[in-house]
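Order as written gives the chain letters A, B, C and D; numbering starts at 1 within each chain.
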């Protein structure tokens, strides 16, 4: 079987203007930062970006860069407050924002990947979230019907991959394993690529059948440096 | 002691041994510093981690592991990490014993508004994050906030004016002046801060406050 | 913190006549066989049993024994054909059976554990499964609304636990990690109990916050013998 | 070659290199033995395993690892195991390229009945297991069955008589006599078995069979 490891630009060439893109991670943590940096240079635009949260607090890092670089026309997620550029663009009408509670957002993505039409959640009942949604009562409790969501492309971040595309995560994988099911083309950015059989079957977080392209990120050493520098600056 | 520290100290007394708790940013996180002796709580963060260090020094961090503020952390013995769908399954599914969250407004029915600040017509910031799920799913919801805004207006209202984060979700409200409990028969004043009188609390509370019997002073 | 490891009978004492019980595993594989054997001796009856499938093919093993011993009044799952006693009791009216497609069954359990009211699945549209259910059309595709299910007690099977109740699975865990969220009292049968910190955090399949009781099963050596004997008899 | 082997051999030709496939019990599993040279397929089993041995000898087995028949297996290099909710997310979510399943009846619209045998009024056995999800979720559904029942009656019908497992789900039907494709404009005869004539197939097929041009013989 042909190795799924390909060059970064070849993988990113699947992302076209106007597409819907999912990016895994959580306000900076375990985000595919190398792919994002390159995507900024490539300049693809008018993206609809789906992420559970937004930029690392204060921006200037990870997926926040795509917004700061005006490549995103719509953001779908639970929060924009960590990204000053997103708040500003939303305010002035440049950026459309669709909010979902974080638990709802990830269930919508999971439903999209799992072939479900949607889920019924108690979250959001009695709030703005009810707008335009079906409300269903079961055993006297109200639920909102939240529908499935998918993307054209998802970029996820793993720690190691094998050439078959199996992904092993490290630390807090957050949204990455869920997004891996919910896009037509899945790019996995990792720090190591190994041979099939080198990853423990019990430890594989995303099987290779879900992954279309494996790309090398900055590597563990540079990743460590990048985050150490980031974390050395105190949060506001 | 400033208002925030007082609130955090009092909130920390709500922790019971073995409780799984999720703490919002600000005062709630601060409460973790005042967990009573002999009480062990299990911290849960919505990005997908259980039992983790509240402060991890640079040099000891793992670049792939963070808390819900994307700050470095490490798993403690007996802790674990998992994906965020599982994390919210824990939250919504009633597997988190208590959450402590801040608020912009809270009212006597337990309604809470804690994110939707209007920034343009029909537009709100910053987004609810995981708060709405926590409000619905955590077994006990403790709301910590300052009693009044900068202009001295009560944040403890008859009816919230901002868009709600959740309806009838709050169990306990802790401010720098008082502890109040939301019950089916009204908002009960349970404790006052040291040196604060019941009348002083009433004077800055828009909500109808039920006062029954002598009201004890908070023990901090 | 007190160790969650307790005696088998103390854990099983939470299962009373008439209760709803979930048992993890998959037609014999990774089932809590020691707990089931003891439950048979204890004779608790009129159980509603929820499992994704039924007995090991031919019966006489694992959860099939509870049905053969007439302790189950209702079975909820996707299949009974592997358990001759279940088919016979269903036919003669002793056993009530509620069928759900396997993927639907596990989503119902997941929803129960995740605080969702239910899910929308395309599975079963145009079949007997539609009976008594809401059908919802989204973007021109029909879905069945399948509601959440929970149990009074779940017995799951892990490989190792620590005294905090964290569970590490081995091999094919199937329904076990999902059921761990969906019952009021969760018993985990394992082959080893270790100290907190001995299980790799990334490898923990079920965090201890979900587990009420850890009980020792037959141990790895006896488990190996039991399955080897089972597998030595060819399937019909 | 007996009917079952012929069906299995022909079904195996539907495997494309890199396909993720889930095989039902009986003939479908048998097809795995005839995978064409140079074609590598990835087996998926609904209990939660990818890339595994079809036969694991006793002595080499792991007591905690089984296939969907609870028979011993081991993960092959590049394989993995996961929970069953994830497994059906793969199945329903379109991540399985093809499934081969048996059937009691199949009809010209692609409807299929493959589990609900009446055993008492309103009661059916043995249960659908994972078949209904596979029929709805797999990208290509291949149905393998003998063309007629023991009494010689066609199992390829105008309309199924037993309760359906799924509506309009089947793409390809393979019997010991023919290969038939379900299309929006009818059930097309695509191949006949070696030595079998089109008329012989028609004679034992209740469904309306579209026959266009010369029908090639199966290559086995």
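Basically, contacts are C-beta pairs under 8 Å (C-beta built on N, C-alpha and C of every residue); 3 or more make two chains touch, one makes a residue touch a chain.
What you see is a predicted model; the values in this text were computed from it and never measured.
J.: Which chains make contact with chain C and with chain D at once?
T.: A
J.: Using the contact definition given at the top, which chains are in touch with both chain A and chain B?
T.: Expected: C.
J.: Centroid from C-alpha atoms only, then distance chain B to chain C, rounded to Å. What do you get?
T.: A distance of 36 Å separates the two centres.
J.: Return the distance between the CA-based centres of chain B and chain D, expressed in whole Å.
T.: Centre-to-centre distance between chain B and chain D: 55 Å.
J.: Distance from the CA centroid of chain A to that of chain C, rounded to the nearest Å?
T.: Inter-chain centre distance comes to 33 Å.
J.: Counting only residues that touch at least two other chains, what does the list for chain D look like?
T.: Each of 81-82, 88, 91-92, 136-137 in chain D touches at least two other chains.
J.: Mind pulling the residue numbers of chain C that touch at least two other chains?
T.: Residue numbers touching two or more other chains: 107, 110, 114-116, 121-122, 169-171, 202.
J.: Following the definition at the start, I'd like every touching pair of chains, please.
T.: Contacting pairs: A-B, A-C, A-D, B-C, C-D.
J.: Show which residues of chain C lie in contact with chain B when the two form their complex.
T.: Those residues of chain C that touch chain B are 1, 110, 112-116, 162, 164, 166, 181, 196-197, 201-202, 204, 207-210.
J.: Given the complex with chain A, which residues does chain D contribute to the contact?
T.: Contact set of chain D toward chain A: 17-18, 20, 40, 42, 44, 50, 75, 77-82, 88-95, 136-137.
J.: So in the complex, which bits of chain C are touching chain D?
T.: 26-30, 52-54, 56-57, 77-82, 87, 90-91, 97, 99, 101-104, 106-107, 109-110, 121-129, 159, 169-178, 205, 220, 223-224, 226-228, 231-232, 235
J.: Once bound in the complex, which stretches of chain B touch chain A?
T.: 46-49, 58, 61-66, 68-72, 81-85, 87-88, 91-92, 111, 116, 119-120, 123-133, 136-137, 163-168
J.: Which residues of chain A touch chain C in their complex?
T.: On the chain A side, the touching residues are 107, 111, 114-122, 134, 136, 138, 141, 143, 145, 147, 169-171, 202-203.
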